[in-house]
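Okay, handing you the structure first.
Chain lettering (A, B, C and D) follows the sequence in which the chains are written, and residue indices restart at 1 in each chain.
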Amino acid sequence: MKNPEVELKLPVIPDIELTATKTAEVISKHMNLSEEKTGEISMAIIESCINAFEHSKTKEIYIHFIVSDDKLTVKVIDRGTGFDKSKVEIPNIENKLKADARKRGWGLQLVAELMDTVEYDSNESGTTVTMTKKKENNE
Amino acid sequence: MSDTIKNIEEKSGVVVISTNGYFNNIAGDAVLEVFNQKMESGNTKFLIDMADSKVVNSIGVSILIEIIEKLQAVDGKMAFTNLAGIVEKTFNIMGITKYCEVYESIEVGIEKLS
Amino acid sequence: MKNPEVELKLPVIPDIELTATKTAEVISKHMNLSEEKTGEISMAIIESCINAFEHSKTKEIYIHFIVSDDKLTVKVIDRGTGFDKSKVEIPNIENKLKADARKRGWGLQLVAELMDTVEYDSNESGTTVTMTKKKENNE
Amino acid sequence: MSDTIKNIEEKSGVVVISTNGYFNNIAGDAVLEVFNQKMESGNTKFLIDMADSKVVNSIGVSILIEIIEKLQAVDGKMAFTNLAGIVEKTFNIMGITKYCEVYESIEVGIEKLS
């Protein structure tokens, strides 16, 4: 099948993001991606799902997987509040270790480090995270 | 014991906590609770065995930062063993591995910590 | 969240039905269903997905999960050829063990035995399998 | 060895085949291939260990019926061990357990078959 697409609509149920990581595993295997990349994609999806569930103030999110010859594209979409990414602080462990510092705030950073490209399209009608993982020629 | 913690044991003065399944906020809180109890009874060396937690999220892992902070105050130590590739990578990105060693097995972890 | 719904759109990729069994696991846990029921629901979903992939001659299928207080409803939908269930033979192992007999043909039977209710709505515009698993009062 | 078969060994005249992961058509065909080879070299007793195959589909399981048919012709035997609850239930519904025993461990299986 040419460029298969998977679409998931997931409600806020504890751990429902694991549905999306399983999807990522099956698709990665189909695309012959390495186990390392599969783990990175899964983690990036988990973080993006959790953000949408926690911060967007909506009851459901949408995840699209688009397979092409040279990459996997994953979109995590909510129709919630949106946010201004430029206002989000970059976390570092030394600051987090100070007394009373909020330990959270790692999601965006993790996604940025784990994927090849990440784009946020966010406004008052919601947020779409579009991220890609490249497939090497030898994979 | 909760279904997110598989086993807790003490060996050579090291508390080994083995987690089970998705390491999310629930699992993180369960580890924190065990940690708090053990620290109250005087333990300062902890080995977290994550052989059965191949999937984590940053909420769960953030709770470990709280543990690192508390251990710094008493000059204690936490280390990890049996980390899946992506879990170790996540710990690297977050900087947790600057403060905690990662060992290849429970045995080695106990030996190095004790 | 009241009566959460999950919707999956899955293309024909090997083992993609495992996405749906993972969904079933997460939802079953959320509903406090027994491990036994979770296994039965997963197996019924696998068989229905495989049928849709193999026989409907379409490139994608849709799976809906509808959670309510007293039961889980799962729909497996394709927009394919449809079929006449009354023409499907009930399988039995003695016949299957005869030389040259086709060993396959167990899917509908398994689904019927594993779920509490199963309905097929099938015509030339496709097939919808609607199946339910009851939640006991003590679950 | 394929990634659907974890291990093949012969003990006391019994061929033990341990499967790995989703037992679908690919896994079923892999078991059939091993079975055909071993039967050609004279083996007639088979134990299928499904400890690591908690999920099956009826296409994979149907291939086992082919094996049962072939074994009947030579008065051979196939048995199973370490079946997940839903897998044993599936085998019951399909009638496979009328022709094949299910044992609680590899050791017991070998003992009973040999």
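To be clear about the criterion, contacts are C-beta pairs under 8 Å (C-beta built on N, C-alpha and C of every residue); 3 or more make two chains touch, one makes a residue touch a chain.
Since the model is a prediction, treat every value here as computed from it, not as a measurement.
Chemist: Can you work out the whole-Å distance between the CA centroids of subunit A and subunit D?
Modeler: Computed from C-alpha means, the inter-chain centre distance equals 40 Å.
Chemist: List the centre-to-centre spacing of subunit A and subunit C in whole Å, with centres computed as mean CA coordinates.
Modeler: Their C-alpha centroids are separated by 29 Å.
Chemist: Centre to centre, by mean C-alpha position, how many angstrom separate subunit C and subunit D?
Modeler: Subunit C and subunit D have C-alpha centres separated by 25 Å.
Chemist: Could you pull out the residues of subunit C that touch at least 2 other chains?
Modeler: Subunit C, residues with two or more chain partners: 14-15, 18.
Chemist: Taking chains as nodes and touches as edges, what kind of graph is this: line, ring, star, complete or other?
Modeler: Drawn as a graph, the chains make an open path, so a line.
Chemist: Applying that definition of touch, give me each pair of chains that meets it.
Modeler: Here the touching pairs of chains are A-B, A-C, C-D.
Chemist: Hey, which residues of subunit C end up touching subunit A in the complex?
Modeler: Per the touch definition, subunit C meets subunit A at residues 1, 4-16, 18-19, 22-23, 25-27, 29-30, 59-60.
Chemist: In the complex, go through subunit A and note every residue touching subunit B.
Modeler: Its residues touching subunit B are 14-15, 17-18, 21, 35-36, 39-40, 42-43, 46-47, 50, 91-94, 96-97, 99, 103-107, 109-110, 113-114.
Chemist: Which of the residues in subunit D come into contact with subunit C in the complex?
Modeler: Touching subunit C from subunit D are residues 22, 24, 26, 55-59, 61-63, 65-66, 68-69, 72, 84-86, 89-90, 93-96, 98-99.
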